[in-house]
Amino acid sequence: MPVQTKKIINDGNRSVDEMLEGVLAAHPRHLKSAAGSPRSIIARDGPRAGKVGLVIGGGSGHEPTFLGFVGKGLADAAAIGNVFASPPPDPILECAKAVSGGAGVLFMYGNYAGDVMNFDMAAEMAAMDDIEVRTVLSTDDVASAPRDQRQKRRGVAGNFFIFKAAGAACDRMLSFDECERIARKANDHTFTMGVALSPCSLPQTRRPNFEIGPDEMEIGMGIHGEPGIARGKLKTADEITDEMLDKILAEMAPVRGDKVAVLVNSLGSTPLMELYIMNRRLRRRLDDIGVSVHATWVGNYCTSLEMAGASVTLMHLDGELQTMLDHPCDCAMFRAG
Amino acid sequence: MTAIDTAGLKTMFDEIAVAIEADKDRLCQLDGVIGDADHGIAMALGFGAVRDVLAALDLSAIEPTALLNTAAKSFLNAVGASSGPLYATAFMRGAAAVKGKAALADADVVAMLQAMAQGIRDRGKAELGEKTMVDAWQPAAEAAATAHAAGRTLAESLDAAFAAAERGAEATKDMIAAKGRSSRLGERSLGHMDPGAASAVTVIGAMRKGLA
Amino acid sequence: MPVQTKKIINDGNRSVDEMLEGVLAAHPRHLKSAAGSPRSIIARDGPRAGKVGLVIGGGSGHEPTFLGFVGKGLADAAAIGNVFASPPPDPILECAKAVSGGAGVLFMYGNYAGDVMNFDMAAEMAAMDDIEVRTVLSTDDVASAPRDQRQKRRGVAGNFFIFKAAGAACDRMLSFDECERIARKANDHTFTMGVALSPCSLPQTRRPNFEIGPDEMEIGMGIHGEPGIARGKLKTADEITDEMLDKILAEMAPVRGDKVAVLVNSLGSTPLMELYIMNRRLRRRLDDIGVSVHATWVGNYCTSLEMAGASVTLMHLDGELQTMLDHPCDCAMFRAG
Amino acid sequence: MTAIDTAGLKTMFDEIAVAIEADKDRLCQLDGVIGDADHGIAMALGFGAVRDVLAALDLSAIEPTALLNTAAKSFLNAVGASSGPLYATAFMRGAAAVKGKAALADADVVAMLQAMAQGIRDRGKAELGEKTMVDAWQPAAEAAATAHAAGRTLAESLDAAFAAAERGAEATKDMIAAKGRSSRLGERSLGHMDPGAASAVTVIGAMRKGLA
């Protein structure tokens, strides 16, 4: 019997529901669940008539993605799936109903086969309820497909910037077309690369979801432990940061004077100290090429349970995206703007 | 050769639930190699939910179509993920294929299998050779149909389906994934069996056991 | 040669300084360092004439404690030590000078021998510069000494509540006496218990700082890996939460109708999912005894690098402490109120 | 028997730096058992900083007191922690004890050791038997004084100090910690050597090597 990963849980099959009970208990002023649908988490202050509704969602285990992004100025609702599993259509539909203000509802989530199938089913069901749904997938993971197949890429930590920009557009009461356009643009301008050092374990199995040598790292690993693009010996923070940044810059192709927003994200157990060490290198490199950093976010934004590793996201800003990113938001787990 | 009524379908689902529960760890391990390590959990949650829902039904009061639709709905809501919509669509299409029947003759079972396979293809938009459960389901449904058309018994037809599913799953080892989570791996997916194809073998094997 | 813990770092001896460079790069609107003293992190918006200055500090490796608590409404400055090591007197003194508004300076930090010696030396030096310093130690770790020796206890995650209450008092321009009184009261009303599941490693050694069996947990472990009060088999989330809460309630002795603030804190690699599962249990237990929860904080507030484990803190509120806790603060790493 | 000038003191600090660097891992391990596993790092950082600062000094331009104060200051600023104030105070007291001297005679070295031990006691407010570095430093200083008073050479006196430090460190295994980080362990601190006492042995051993 292999050693099981230690977790502070009860029944692994109940972990998501127990988490949500704890979330609602902790944040009653910000969050509620849709009536009869505990997996549909709704912003108390957010949805309103005439506003495009923003529904996000996906598997659990990435907290604070997705439920932490529910709040005024960001997402109106999140549909929550099992660990690393898309939510089924029903809770997504309940989210859509709860946030529909008559101006259309945007579905935004990471590009995974399971999510696409479930959200598409929910969109069909919403149409039957006369709710117009449009979908914008996030595809920021540079490592997950070649440049000419951007639409095949996974959505990872860049979700935060992409959802935040879209949420701002919705909160500013822009039209459905405008909200959709800005959401797509936010995705097009956002690039993420990750590195994993150690695996995580699902609550039900408590077994590492992949194997990696004691001195190895994997560049480009997905946030569910999907294999990345290259495995190699663990390098220094500067080398790792350079490797990720080089890939991102090659795609983003900024010119001197351009502005970016930066997110240095922990996949779970990598501590702030290491994230800030990475940010130091990022800043030096960006300074060197004359790219200015408008805002920096550092911390646990999109995790894979207790996986060790980190990701770097850059959003290539123009005036519009900068305004959207600066737009205030008030979520249970953080506030900004 | 008696037709299969709702009690028979319930037996089938009970067999699937038992078989998948026993196979859960292997399926998670297969998914760990090229995916996110949860396929066994998803399948076990889904068929466990179906079993629980069917246990509470008055089987004499419903027809196969309603039972299959109920199974589809409860599987979907317990699972989400990729397997949720795929199997839910499979069972809903199966339900449609046997609409109006009080019990299923051999031909109905074969039609149900074909509808299920087609449903999975439609929902996932996957073709043969893309390293998904389609590579087990489609040859299995075809083999059952061929055997049935050749006058074989239901048991023989399901044997043929099972053997075809096994071959199909085995063949996924030599495929590069083009759909689903593992499609970003490129060549790195080579050499590993697709977990959804592997679980399809288990499901079809349990269906054979439960139905014939 | 034993396997080394994987970390995204460069030279382990430079990690703290590199982290601080990354912090200042990330949060230029909130933070700066004192001139010539890179280990003295000062709130840009906070210190002002006539206001009692609040200087906190301690070893690194607990991020966002301490530097994350620097900002308007909370601490005016933090002196940063090496990993798990008190800062020396000089950076503490520079903090005191930078935040002194003529109304006195409060030193607040966790009760550890090293910190006491260094902060006391700094206080003596400040006195020579005509800055009046008073010290309030935090001693919230219920596990670290018996009840009748409260003053010997360690300061752990409760720091967050204690500093926040004191910072609010200072921000409200209360007198030195009042600020000190409120700081002491905040500490007296705050109780923490932790549980550790796995060790962390210092950047220099990258070797686990304690050993613990694959199915063991340690209740009462300190945030530097100091042994706790009892080691046992890993239990369920509900059992662990109960064990910690029972100890806290035995000390706090709330009566029906009392109010508390709750902090469920990760020691590093324990994910939000597990913290919220714990919070679920806490809430049910508190509901049962008629104690109402005024506010709940869940996340990484006081960590031990990548240690796995969690702590539960309760602050027993009265009207005054509630007002202080509700007082807005604006720190680089979070905002509240 | 020549007196010890600033070059001699620099040699002493160089020896300490070498010895502590070599002992770093063991000290971290000892601290890991009853503390926070960083004692070796702190000591190595501290004496490494002292070595670097002294290397840049013009030794002919300063007196022992200034050298010791410089060492104290650089140790403190590199370390913080518990060892920082304790050793910084030790060296500052040592500096005061030899104030005005251009070089240290045997009696001055012994006086310096006694002042150092007293400085550690004062700063840490620790008594003998509380399982701290005091349990090595105080007997060491006393042994040196006794030997010196009995007419022994400096080398012999420092041998006596080293032996006493070793015994003192060994004795901490049987003590329950009453000061410092490990004082919250109660009985659980029994059986383990105090890391600060262990490093004191290393420091005193290196001082013996560098001075005599």
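In this document, chain identifiers A, B, C and D correspond to the written order of the chains, with residue numbering beginning at 1 in each.
Everything below uses one rule, namely that a residue touches a chain if its C-beta (ideal position, glycine included) is under 8 Å from a C-beta of that chain, and two chains touch if they have at least 3 such contacts.
These numbers were taken from a predicted model, which means no experiment stands behind them.
Novice: On the document's contact criterion, could you list the chains that touch chain B and likewise touch chain D?
Specialist: none
Novice: Just list the two chains that share the greatest number of C-beta contact pairs.
Specialist: Top-ranked chain pair by contact count is A-C.
Novice: So what's the Cα centroid distance for chain A and chain B, whole Å?
Specialist: 32
Novice: Centroid of chain B to centroid of chain C, CA atoms only: how many Å?
Specialist: The answer is 53 Å.
Novice: What whole-number Å value describes the gap between the mean CA coordinates of chain A and chain C?
Specialist: Whole-Å distance between the two chain centres: 29.
Novice: Which positions of chain B touch chain A when the two form their complex?
Specialist: Within the complex, chain B contacts chain A at residues 25, 28, 32-38, 40-42, 45, 76-86, 123-124, 179-185, 188.
Novice: Can you list the chain A residues touching chain C in their complex?
Specialist: Listed in rising order, the residues of chain A that touch chain C are 3-4, 6-10, 15-16, 18-23, 25-27, 60-61, 63-64, 68, 195, 197-198, 203, 214-215, 217, 234, 236-238, 240, 262, 264, 268-281, 283, 293, 296-300, 303, 305-306, 308, 310, 333-336.
Novice: Applying the document's contact rule, which stretches of chain A touch chain B when the two form their complex?
Specialist: 13, 59, 81-90, 112-114, 117-118, 121, 144-145, 152-154, 202, 204-205, 207, 209-210, 222, 224-227
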